[in-house]
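First up is the structure itself, then whatever we jot down about it.
Should a chain be cited, it is by its letter among A, B, C and D, assigned in written order, with residues numbered from 1 in that chain.
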Amino acid sequence: MSAFQPKNPDYRTAATAMFAAQPAMGTLGISIVDLAPGAVELVMPHSAAFTQQNGFIHAGIITAGLDNACGVAAFSLMPREADILTVEFKTTLLAPARGGRFVFKAEVVKPGRTLTFCEARAFAEHEGKTGLIATMTATLMAMLPRNAA
Amino acid sequence: MSAFQPKNPDYRTAATAMFAAQPAMGTLGISIVDLAPGAVELVMPHSAAFTQQNGFIHAGIITAGLDNACGVAAFSLMPREADILTVEFKTTLLAPARGGRFVFKAEVVKPGRTLTFCEARAFAEHEGKTGLIATMTATLMAMLPRNAA
Amino acid sequence: MSAFQPKNPDYRTAATAMFAAQPAMGTLGISIVDLAPGAVELVMPHSAAFTQQNGFIHAGIITAGLDNACGVAAFSLMPREADILTVEFKTTLLAPARGGRFVFKAEVVKPGRTLTFCEARAFAEHEGKTGLIATMTATLMAMLPRNAA
Amino acid sequence: MSAFQPKNPDYRTAATAMFAAQPAMGTLGISIVDLAPGAVELVMPHSAAFTQQNGFIHAGIITAGLDNACGVAAFSLMPREADILTVEFKTTLLAPARGGRFVFKAEVVKPGRTLTFCEARAFAEHEGKTGLIATMTATLMAMLPRNAA
């Protein structure tokens, strides 16, 4: 899972700080439970405030968790001075987001100087079982402070 | 924009009710401003609670607006007894989600008995200008009561 | 890789016949090298006729291989009477399609009565090394004879 | 359709030459019928060699046309010294690719120094009617010969 060598020796501090600087993560109750170079696991509790018409968590909220997992995973491999931007993602919804707790796992598939490609999976913990509910593939971009940028 | 003939003559009531039944829309402050068969426009105010590390609205929240616009547009063309499910979507993030108000416009590209395909665009109103910030393409599915399914 | 139970005991014959019935596969020189319920591996030789301006295989041709791998994997889990249709796919191009031989591996992520979700990866064999060059996520649909549909 | 100002005054020659340098386009019989800054239209005849099991053109081949339309549209807005690379695309298949002639129309949604975003539509001409059969959204990247690259 972690064949990647981080460019920033303080990648853990940097990625954690970037995550903590996002008010949306606090509002959604999402937190980091595991972090390695190029891989991350986030968790989110169920919250009725973010459900859709059937009581499941809204697909956009599941996407927020998946996107952020990809962002932290990608950011952990970027140089110290980089900022990060999501270019695009596709979310596939395999099963209803029903459960008490949701887990988002992301891994870098290919890091690059400019673009980093990630994959993520969302799981729901429901009635003692953990099931795959959604997948994401995402493209992320490193924004570097450049003379010419 | 509305070459489509709704199967449900009460499509407006049905789509509005489905939208209103989603707690996530209330939490995010999203509302319907325009609705026609196969086309919808939603608005969302800026909310600091849903921003990322640079003060822009989180991509997952923009996705929630786009996804819901697609859902309402697709649902407006479905028969009365259908429930709706998002199968997958891709979000492309063209510009930072910076502004005081966000608009989500969706249109049905092709309705179908089982699958409906939609496209949506997100706009930010910022300093007196409205700019395109994101696009979505989505696949939605009609869930029909099992006698006919 | 094959936790799936095929509905059609003759899935191998059926999937192989569906593949063989596609003239495009013969034209591109693509063949099946491995097939299990919900998983398949295809190979394609390099062909100068299908390159782009830098001598790499065109992204659309790589996509044809990935899409077909997804199609065969999904089809292997469908009932005997089903026909199959690709609904949508996303291809991410990680590296140039340079090499003498290309491998397409697909797996079903979630089979369903109507929709089946697959993931696939394309590899290039170049100068004695095999490298990941592209990924796909795809949605496929079973077309069933209309009595039951 | 062409609110874009090309950076390369010889964009037409450059885009046409890049297209002509792709053997795959000749093999598939695809040609340019219209080209403006940031917009292009390609055509392809039906060819039995590229069909799938129902006699329709294979989704990968339709994708090759859509991808190339996006590539030419994006390339027409890039500076003279740029090479172009497709990062990712999503193809949605709305209807069978049945017909005597296929048209691929692409437009740039947002050009950028590094990334350009395009949308494309594929149409089939069949029995005197032209119908939308597929859509694509794509991300393309300019490769610039840079001192710092």
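Note that contacts are C-beta pairs under 8 Å (C-beta built on N, C-alpha and C of every residue); 3 or more make two chains touch, one makes a residue touch a chain.
What you see is a predicted model, and the numbers here were worked out from it, not measured in a lab.
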Shared chain contacts [chain B and chain D, defined touch]: A, C
Chain separated most widely from chain A, comparing mean CA positions: D
Centroid distance [mean C-alpha coordinates] between chain B and chain A, Å: 23
Centroid distance [mean C-alpha coordinates] between chain C and chain B, Å: 32
Centre-of-Cα separation between chain C and chain A, whole angstrom: 28
Chain B, residues touching no fewer than two other chains: 87-88, 90, 92, 139
Complex interface listing, chain B residues touching chain C: 87-88, 90, 114-115, 139, 141
Chain A - residues contacting chain C, complex: 90, 92, 94-95, 109-110, 117, 119, 132, 135, 137, 139
Complex interface listing, chain A residues touching chain B: 18, 21-24, 27, 48-54, 57-61, 63-68, 83, 85-93
